[in-house]
Amino acid sequence: MNKDEKRVYPYIPNSVPEVQEEMLRAIGVESLEELYALIPKELMFQRELRLPDPLLDECSLDRHMQGLLEKNKSTREFLSFLGGGCWPHYVPAICDAISQRSEFLTAYAGEPYEDHGRFQALFEYASMIAELVEMDVVSVPTYDGSQAAATALRMATRITERDVVLVPKLLNPDRRSIIANYCDPEVEVLEVGFEPETGLLDLKDLSRKLSGRVAAIYFENPGYLGTIETRAREIANLAHRAGALCVVGVDPISLGVLAPPPRYGADIVCGELQPLGVHMHFGGGRGGFVATPDEERFVAEYPLRLFGIAPTTDGAWGFGDVAWERTSFAQRENAKEFVGTMAALWGITAGVYLALLGPRGIRELGELIMYRAAYAAKRLGELPGIRCPRFDAPHFKEFVVDLNATGRTTREVLAELKDRGILGGIDLSGSFPKLGQALLVCVTEVHTKGDIDRLAAGLAEIVGGGGR
Amino acid sequence: MKGKLRRFHQARWDEPIIFQLSRPGERGLLVPEVEEGIRGEVGDVLSRIPPELRREDPPALPEMAQPRVYQHYLRLSQENLGRDLNVDVGQGTCTMKYNPPVNERFVSSPKLADLHPLQDEDTVQGILEIMHKLDLLLREISGMDRFTFQPGGGSHAIYTMACMVRAYFAEREEAERRDEIITTLFSHPSDAAAPRVKGYKVIMIYPDEEGFPDIEALKEAVSERTAALFITNPEDTGLFNPRVREFTEIVHQAGGLCCYDQANANGILGITRAKEAGFDMCFFNLHKTFASPHGCGGPGAGALGVTAELVPFLPVPLISCDEKTKRYFLDWDVPNTIGKVKDFYGVIPAVVRAYAWIMTLGAEGLREVAKVAVLNNNYLMREILRRVRGVRAPFHLERHRLEQVRYSWEELARDTGISTTDIQRRVADFGAHYWTSHEPWVVPEPMTLEPTESYSKEELDEYIAILEHIAREAYEDPETVKSAPHRSTVGKMADHSYFDDPRKWAMTWRAYLRKYTGYFQPRETGEGG
Amino acid sequence: MRLGLIVNPVAGLGGRVGLKGTDGPEVVRRARRLGAVPEAPGRAQRALNALSPLRDQLLVLTYPGEMGEKMAQACGFRVELVGRLRGEESTAEDTQDAAQELLRRGVDLLLFCGGDGTARDIYAAVGTELVVVGIPAGVKMHSAVFAPTPERAGEVARRYLEGEIRAVVEAEVMDIDEKAFRRGEVHARLFGYLKAPRVRGGLQGAKVATPPSERYVQQAIAARVVEDMKPGVLYLIGPGTTTKAVLEALGLTGTLLGVDAIQDGKLQGADLSEGEILSFLNEGPAKAVVSPIGGQGHILGRGNQQLSPRVIRAAGGKRALVVLATPEKLATLRGRPLMVDTGDPALDEELSGYIAVITGYRERVIYRVTH
C-alpha cells in the first residue's frame, strides 16, 4: 500500500476516503475531527495507542491465532475425568449447528416480530426445562449456575421478607464466594455442616440454624462432590416448618433418573445449563436458570426475563416479555437486582439438546452415567489404600476418591496419571482440607468402559507402588 | 429518493410449538449403551436411589427424529433477524457491529472448546496467553492498570465494581458511612440497579437543558456519604459530557471513587480514555465494542479495568505472566480480593474474539472504528432530521453526537396519534427494527439509533428511506402503521393482558396447557392438567 | 365492548373569540353573539375516527344530540342513549348525570370531550371509579387526563380497549380560579384525580424487565419517608396521590386534597387551614411533605396554598421541605425544573436552586427548582 493512501478496512465499509468525504459534506463539516468538538482538548488522547502491529490480513490473523491455540492441549488430547461444575458431556452436532447460526448468534434484542424465532426458541427451552424440573415458570438464562443460586436465594429473601440464607458447607468454594458476594451486606449467609461419613447435609445442624430469620436453605442434588441428597424431603420439611423456603440446585442432565425437586418439597429450583449442549470453553460456557411455581408471589420476584405466549391478530403463536407491574411494595425491599446480557444462546442450545434427547434419551443417559460412574467408583475402590467412593451415599456422575491410606499425595498421583495421558480428576486437598488427600472424579457418557479400565489400571500402577 | 425500499417479507413458517411436533416413539439422538461388563459388576444401580428421589416416569419432552428437530430450529432461525441479516442500526447502546466469522473458527476449535478450566496450567498456555495479552491491550486502550474478564456482561461488571467499591471502603472502615452512589438519568439503568444489590442508596442526577448531566446537581449530591460515581459517557443521548473531568474531581474531593460504564465506547476508541478523564475503574462490553456476538441476549462479557490502587480488590484469579520463565499462570495472589463473581474465569469465547479483533485492526484501525462510527451516526442524524417527517433529536440539534442518538417521534405522535411502538412494528415489514429507550421515557416517543462503523452509506440510506416512508405513511395512511406488522413472522399482538394478568399469562407450554385448550380457549377452572 | 361518550358541545367556544373559558350560560351566550362556532363536536369526531377499526365490537353509550349521539352516529358506531338533557341547552348537570349513568352501566372506558370544567364535572360524578380519557377541546386544559390531540385521545382509547395499554394512573384534574383567570392570572388548583390509561411503551421487547407500577413506586417512596420519620417532628402531608401514600403506609386516613398532619405515627389533624397549621408549628420542628402538582411541576402554589409562606418559614424554610415524586412524574416535566409559587417572591428565591426529590425506596434525584 502506498504510504499516502488511506488504509481501507474490510470490517469498515465507510473507511473508503471518497465515501467519507461525501458523508462529511452531507453533514456539513470539513473533517472527522470536527465531530469530536464536544471533547475538550485536554481529554483528547494525543498520541497513538501503543498496540502491537496489526495483523491486517486474515491469513496472518489466522496463523497467529492458530499458533496460540496450538499451545493448548485440550481434554480431547487426554483422557480426562475433570468435572467440578464444568463437565465433559457430548455436544451433539445439531447443537453446534444451531448455536452457530448467524441469525441466532448475532441477534440481540429485537421485537417479538422480527425476532420471533428467538422468543419461540427461548419459550421452548423454558418449557423443556419446566418438564425436567416440574415447575411452570422458568427464567431466560442468567450468567451461570452460581448466579442462578444467588438470585434464587435473594428472591427467597424478598418472598419471605427475611434476611438469612443457609448453604451447605460442602459446596464448591467458588460458588460460596459468588453467593456471599451477591448477598452481602443485606443478607447473611450461614453454612450448614455435613455428616463426615455420608457427605449429606447434617440435619441436626440444619435444625439448629433454622431460625425465624432464615429465608431459605439451599442445597444441591447431586451435590458438588457427587452425592445424592437422600434426605431431601426432610430438609424441605424442616425448612417449611421454620417458615423458610427450600431452594434446590440441580444438574439438569440427571433429571431423567432423579426426581424433580418439587416432588420432595422444593419451592425454587435452579441449575447450570452447561451439560445441555454447551462446550466447556475453559469454563466460559455457562448458563443458569431459575424455576418456580406459577404463583404471583414467586413471579413477582424474578429479576430475570420471563417470556410468555400470547395470541396474535392473525391466529399465530406470539411471544413477549411477561412485564407484570408489581403493585405492592414490601418493606425492606431492595430493587429487583438487575438484568442484562446473560446467556440466552445457551438457553436455545439447551432446548435443542433436550429435544434431540427426548424422554427416553434423557432417561437412558442418566442411567448410563450412573452405571459408568458406579463402575468407576467400584474399580477404583478395589485398589489398595483407596477408599472409593469416599462418601457412603448414592452418587450420580461424580465421586470422591480418598487417597489418604495410599501414602501418596493427590498432587503426585495426578502428576503421574498425567504422564500416562490421563487427567484423573480435581485435587480436593486444598479446598476441602478435612478430606485430606482426595480427588473428585467425573464420569459421563463420553467415558467408555475401556477408558475407566485405563484409569483404574493407571492408578493401580501408581498406588501399587509400581511407579511408572 | 435515495435508497429503494425492498419488497421484504420475513420468513413465516407458522411453526408449531415444538411439543406439538412430538410423535411418540421418534428419537433424535441415541445414547451409548451400558456395557455388559459394567452391568455385571455393579448390579441395578438405579435401585441405590431411594424411591422418593427416583424418577420413574420420563419427563414430557418432545419426541422427534433428528431431521425434524434440525428443521424446526432452522425455521426458527429464519424467523430471526440476526445482525448479519439486517441493517441493524436500530439497537441503540448495544453497538451491533459486525461479528467476523473468522473469530468463530477460533472459538469452535477443539483447542478452545474442549478445554477444562481446571486443567494444569502448562496445558493451557495458549488461552492464558490470549487472556493476558487482551489485558495488556485494554490497559493501553483505557489507561487502566489491570483487567479482569470475570464479569459475564456489562451489568455484571457494574455489580463487580460495586463489590470492589464496598471492599475498598471496608478496608478504610468507611463502608458504613459511605452508603450512597451517584449516577445520571441517561446512564444505563444497571448503573443504579447493580449497586443497589450491594446495599447502596442511589442519587440520580438529571440532565440540564443542554442534555448534559447537571454539574450543579452533582455538587449538591456529593457528601461524606458518597461511595462512588457510576456514569456512562457519552450517555445514551450520544452526547459526550465535556465536563466529565470536573465530575470525577468533584467526587474524588468528596472521597469517592469514580466508576466508568463504557458501554458507549465505540465512538471514542483511541480518542479519549478512562484514565485521563479521572476514572478509577472502567469496563467494556466485549460483546458490544469488541465485536463478540450478542447471542440473542448473551453470552457476553464485561472486561473490567482498574487503577493500581484498586488492583488488590479484583476478583480472582488474575492471569499473570512470570517475567523470568515467560509462563502464564492463574494468579490467586490478590491480597484484598472480593473473591469471585462468576464461575471460573469469565466468558472465554468473548475474550478470544475480542483479542483477535483488536489484533487485526491495530491502533489505527481502532481509531478508524471510532471515527467511522461517529461519522455514520452524524450522517444518519442529519439525513433523518432532514428527510423524515415528525421526528426530532432532543438537545441541541447543532451539537454533533458521538456514536448514537436518541430521537423523539413526539411531533408525529401529536399529529397522527401514531406512537413510537407502532412505527417500531411497521419497521419490521422492511427487514429492520429499532429500540426505543430505557424507562422512564424522559424523551417522549423515543427511538435510539446507533449505526456503528459496520454499515455502508448505502445501508444507512436504506434505513433512512424506511423511516421516511413510514413517517409519510403515518400521515397519509395511518391504519397501515397502526396495524403493523404485515410482512413479518406473525401479526400484531394487541392484547397485552397475556403478559401481565396472572390468570392469563403462561411462560411455559405446560402452564399454557393448564390454562387453555386449542388456541387460547380458557379452560374451565378445575379442569385441565 | 362498551364505550361511554360525553361531549361538552360548548367547550372551547370562547377561545377563538377571545373569551377565556365558557363556564356558565352567560359566557356561552356572549360567545355565540361574538360569532363563536363550537369546536368540540369536530374534535370528538376526530377522536372517534381513531376508534373506527373497533366499530363492530363497540357499543357507544352516550347522551342525545350534541352531547355525543350525533358524532358517534356520524362515525358509524352503534349507539345507545342513556338519558336526556334537563333543558334545551346542555349544562354541567347534564355532564354529571351522564357520567353517573355511564358509571352505573359499567362502561369499559369513558371518553369525554371538553376542558378542565368538563373534567371537573366528570370527576365530581365518577371519582376514580371509571377509566377516563379526555379529548382536548376546551380553552383551559391543565388537567393531566387530556391527551395532547383528539387523534391521540382516540388512539389511547383504542389501545386501552384492545388491551394493548393495561396500566392506569391517577391523572390530575386541575381547576382554574375563574375570576383570576380573566384578569390574566393563572392560579390552578388541584381538584381531584381521574383514572386514565398509562401511556408509555407497549410490548417491552427490551433488555430491561418488569417496570413497576406507579402505585408500587409511590409505596416505595412512602416506605422511605416513614422509615426516616423522627419522633417529635410534625409532618405536614400535602395534597396528591404520592404524598397520601405516606398516610396509607401508616394505616392512617387523611384527605387527598387537603393538608394533613402526622406526628409520631399518628394523625394530628386533617384538611388543616393555614391558621391551624401555624398553631401546630408553634410546638416544635416540622417538615412539609409535598409533590409536584399540575403540568408545570409546582411543588408549592398549585393546590397546597395552605402551605403558605408563613407556614414554610415557620417550619424552617427550604430544609423543611420533603419533596416526593415518581420518576414518571418527573419525566413528564421533560427536563423543565420544578416550580415554586408561594406568593412571596423572596421565599420563592430562597427555595430555588436544587432540591432532593425522593423517587424510590433507595433513590433520590437532585432536581432543579425555580420560580
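Each chain gets a letter, A, B and C, in the order it is written, and its residues are counted from 1.
Just so we're on the same page, a residue touches a chain if its C-beta (ideal position, glycine included) is under 8 Å from a C-beta of that chain, and two chains touch if they have at least 3 such contacts.
Remember, predicted model here, so these are calculated numbers, not experimental data.
S.K.: Which chain's C-alpha centroid is most distant from that of chain B?
M.R.: C
S.K.: By C-alpha centroids, what is the most central chain here?
M.R.: That would be B.
S.K.: Using the average of all C-alpha atoms in each chain as its centre, how far is it in Å between chain B and chain C?
M.R.: 38
S.K.: If you average the Cα atoms of chain A and of chain B to get two centres, how far apart are those centres in Å?
M.R.: Their C-alpha centroids are separated by 19 Å.
S.K.: Just the number, please: Cα centre separation of chain A and chain C in whole Å.
M.R.: 50
S.K.: Residues of chain C touching 2+ other chains?
M.R.: 166, 203, 206-208, 211, 360, 362
S.K.: Quick check on chain A: which residues sit in contact with 2+ other chains?
M.R.: 109-112, 115, 305-306, 320-325, 334-336, 339-341, in rising order.
S.K.: Can you pull out the residues of chain B that are in contact with at least two other chains?
M.R.: 94, 189, 192, 196, 297, 435, 483, 493-496, 499-500 - these are the residues of chain B that touch more than one other chain.
S.K.: With touch defined as at the start, can you tell me which chain B residues reach chain C in the complex?
M.R.: 94, 185, 189, 192, 196, 200-209, 214, 216-218, 220-221, 297, 413-419, 421, 435-436, 438-442, 444, 479, 482-483, 493-497, 499-501
S.K.: Any idea which chain C residues touch chain B in the complex?
M.R.: Touch list, chain C to chain B: 50, 53, 148-149, 151-152, 154-155, 162-166, 200-203, 206-208, 211, 327-328, 330-331, 334-335, 354, 356, 359-360, 362-368.
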